[in-house]
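Letters A, B, C and D mark the chains as written, and numbering starts fresh at 1 in each.
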């Protein structure tokens, strides 16, 4: 979907020009590449989904809500029923209008008990989806959820026709499929029925998989692609000095924390967790791991949430205090194994830096480096000390994904009764001020006792040729303006 | 052994020995030398990543490249030597047994050999490492096993050439046990090709360990290791070439050195054979 | 010296050749050969014979350079040219056309991947012999017939490996004579051939040279051959010609000390001291109806042999007759299919592994080639000690003493004990091998062609040594050979083996003077004598 | 000769069968759940269970082996766990692409290697020989990725940016539709392989040139050209064919790194991908394929060896 937000400032000036082919190099992907709107896994999957399909609403470049297939999404006073109104005149790629039946079918597909899609796990509160008018659909929940719109604003919840099949991957996105070769590339054409008139500007969009950093950067340097995502941060300065290129650096809420299991020794002792948090030199982390391309973290996530607890004091490295806490816990000379894998650029590097930093406090960190598949394999949720990676999310959806006992990815096995009570109440609280207060208290608990070391937020750094216009910084954490290419044009 | 003396008489062997010795010395004493020269521990953060600070700049995590380079050869060498030793010992044993026994045992061993040979090396490494994780002993094992069938071929061929010599028959006539015949009569007479193979395998091992590290399957971070350094610093080749160039140079010099020695061993061995024949 | 009036076909004067490092190989060699004449060039191994021969073609092996002298070769219809001064192109044109070469080992010199007809015709082609392919084809057939081979198409299409050694050598000769050269250089062309084939080859060479007026340089170290073929002899010693003259004259009245040594070493069929046949006593070694076959090929067809204590039996037979097979069966190195080998009346197990240490000690075997029977990586002492280690329980010091004792016995200086085989000469190696066989004081010693890989002069010393040892130690001996000339020097009795069967057996004198079997007679007839 | 070749063929088949066994067992031992690997981090337990059932991951091992072997024998390499597509379809284009890469590199390296080897054998001990030996020694000493990176820096990105550094074929069109993209990968592989062939060729040729029959050919007065082409070269073919075969077989497996580096859409890239995703069927297919290439190439080399050796060739007739 196309963002509203600020307008682009790039080399080509004047009004946007139509036409041309935009070739984008995207990190990752492989033979399991898919066009399924509801199971995007890798970056290329996400990039495809973002351009072919649209959910009811989504986050724009500033991480504010933006209505897409829906014109509005409003809660009932008790936040148990949410009503979405479909945008007037919106059509699928084949020209058929979007009907409430399509929306209902979409959610049935996602929630299919035999084959639940990625979005299903965070929609457990959803009882049923009912068409209530020509253009309205009701989402009936089994409990009040005050921020349900946030749950709907996911790229993996794109609206598709009721008769959707992967052989005819149709959505309402700015582009439609022309060709698709798993593991290699996809070619999309302009969707002439797109609801935002005049857009997209380019005729063709080619998304090309790149497994290798080298190959991707080299392809950009040798002008075989127009834009690439995820520039290795260490190369930012070099690429910036190249006149043919532009760097797109976005501040995001993406984080790459260390996870400590709070229910197993040695991290079941809160003093050990606190000591570990005091060991990290966060500035050094950002400098060494991210080459400075990041912002300081304070062991709290969701920095763009209005309820973010920015009043809590910034935690800094304090080795004497860390040693004291460890001694108190009887864990001086602690030895731990840190499980790491290249789950994201910088992950293995961060582990190495942490290993080095821990020495100062007399903590010996052994690195166990796995490949990504093994990392996310059978033992994924049972590592005592590991890492994880999340894109920008607001607080409550993030808690639902990772900080509740029944959350699908509760890596730290976080199960704090006081915290659960606060969060549960907040979820049901429609009043924003009241909710914010509850969330701040919950964050304070995580700040004091949590199992994650959140040392910073990563900037998203991408690069493109100077003749490409319309790419803007994006807070969601997805690269290249959130992979949204409908505002992009070629000078 | 006279083979060595003969080989050493060749100028290329001297050059090879010098190159190899230089790199080995560097690898062995580098870990002590590094901090003295640069003032930085190989693990310590000296500056931001890929900055031209220090003699050879910093690496992807801002550690001092020179210091890491100096301490990065030991593991590579150790693994390469161990893997070579394993492969040559295993392969020689199998090859000699096959070549000397002939018949059914020979066929069984050599077919097994063929199977191993046709199994792609890299897939083997990939699978083994995916199975058990990248560990030092596994690297040594994987590379050693990869070498074994190749060495076995050579050892078998050499053994077959020696087997029908009358001195082997004489030993049989004195009812010498098979093991003794293999060790005392056969082995000393196939040292020529085996030494060549040893050198060749060592050269391959070095490249192989480096290649596996390059694919992220070899020696693991944060170890300072030449192969790994190339992998880690490759993206910044244009900005901070030293992180790649120093280890590449060292590996190249080392392999060129071992290759030269191997070469001279080969020509010394073939010359010896010619002399024996004439 | 019959054709003084005729212009010499090849005149070599003051030829000097040295290695790249400067060591002289030929120190001013001069000789000349007239058309139709055969000059034999004799000399010990390494004296420079091949070098001198190749120089006639203007060819020096890699590592050797010419250091002066002239080689004048006269084409059939032209002026003599100095080969050494010709540019490379013209030298090539000369080779094969004016001066041709017949190599020592045809098995190595014929290209294994080319049909023999092709190999002959290509010489004709490059030298522009004949006007058409048909003419050349006819010449190939003709020259093959001249050397006594079938010239037909099918034969020409054979590959070298499909010919026997003698046939290969004759192809080599045909190749050399194909262009009707005026000079041929033959480098030991009969070494490695059996006597019958040797006679055939010698006869062919003789015929061709006289018939076509070709000057031949015949390189050899076998004086018997020299007397059979050469008109004149040149004796080479350490890169110099020490003596030249008519064959008769040189062989009868050798002037130079080296020549005298050479002549003395030639075994004589009619000289020597016949042993005393020990009859009556029970045989120490008895072979009964021994049969061996390889697949369908029956190598031994029921051989019976007796060797009595203290006796030497010579087993005579041409190449491939089964001599080695038989002796290895006795030694237990080869399994047999039928029959038995008995030691003192008791049957020996077929395989060495099944024999007792006592039996192993009693029967010892000396291999044909001293170059392959000693482990090149073990010192002489180690090799000689090996049987003691496995077959006796002597302690280390006792073993060492025994080794020293045996080395003395075979007249090997103790200084050589710690050398590796390749630091010894062939004769010394063979002594070491004999020492190894003697170290367990065997009752029967099997000697398989122990002299055939050695120089004539060395051969004589080994034969002498064996005779003395037998007298000193009183052991029985089976002496396997294809050289009937050695009979009187060593044996008491002879058994003649042919195609796996013993065709004649008897006391040396009886067999040599009154051979019963036609094959034995033929053998005797073909053995060249001085 | 024919029974010799037939026996060689039979041996190859047995080896190939053993390889299938090894491949199957080895891939079975891969840890991790393919289902989870396919679905990635965001997978829910229900989805994983559903997929496991669909992939028939719970059947007994021998049954799966027999099934798989039967399919392979009928030319069906199975269904990719990751994409749910037929492996044949998935790999078809990639095999073609890899073949193009391999064959061009092989042809180039063979020609270059033979020429250089012969040339330096003829100039043994002279400057040119030392130069060729030295250079090939250094290149042989460099791991392939180093050569690849160096070429990219030289010709694609930094020094002379004239060639593309990665392969981006329009979908549906074969990689060779843009030959410029093939240059660097082919060049890298060629540089890796050529030194070995050249060195072997030099050694073999030196030996042949020292042989009695070559000396004899010269003594017959044959011009050097004929000595070389008719008498020397044919004898080098047998042993060198073996080395070329080994190198080609290496290429088939070693192409992974190069394909990875140049993002070349061949089987090497598919392999790394498949191992990452525990896409067992694809790993099996590719491994088997590479093994088969190895076996076939060696078979051909042996048959060439038999054919150029008149002794073996005429075995039946004599």
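Rule of thumb we're sticking to: contacts are C-beta pairs under 8 Å (C-beta built on N, C-alpha and C of every residue); 3 or more make two chains touch, one makes a residue touch a chain.
This structure is a prediction, so every number in the text was calculated from the model and none was measured.
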item	value
Centre-to-centre distance between chain C and chain B (centres being mean Cα positions), rounded to whole Å	47
Centre-of-Cα separation between chain C and chain A, whole angstrom	89
Chain A and chain B: spacing of chain centres that average the CA atoms, whole Å	45
Multi-chain contact residues (two or more partners), chain D	31-32, 149, 157, 260, 272
Residues within chain B bordering two or more other chains	130, 234, 238
Two or more partner chains touched - positions in chain C	none
Touch-based graph of the chains, sorted into line, ring, star, complete or other	other
Pairs of chains, among all present, that meet the touch criterion	A-B, A-D, B-C, B-D, C-D
Chain D to chain A touching residues, read off their complex	31-33, 36-44, 46-47, 50, 80, 82-83, 85, 90, 149, 152, 156-157, 161, 163-166, 168, 170-172, 260-263, 265, 269-270, 272-274, 276-279, 282
Partner chain B, residues of chain A touching it in the complex	213-214, 217, 232-235, 237-238, 284, 287-289, 291-292, 342, 348-349, 352-353, 355-356, 367-371, 373-374
Chain B - residues contacting chain C, complex	165-167, 169-176, 184-185, 188-189, 191, 275-276
Chain A-touching residues of chain B, taken from the complex the two chains share	43-45, 48-50, 60-62, 130, 133-134, 216, 220-222, 234-236, 238-239
Residues of chain B defined as touching chain D within the complex	111-112, 114-115, 117-124, 126-127, 130-131, 203, 207, 210-211, 214-215, 230, 234, 237-238, 244, 248, 251-252, 255-256, 259-260, 263
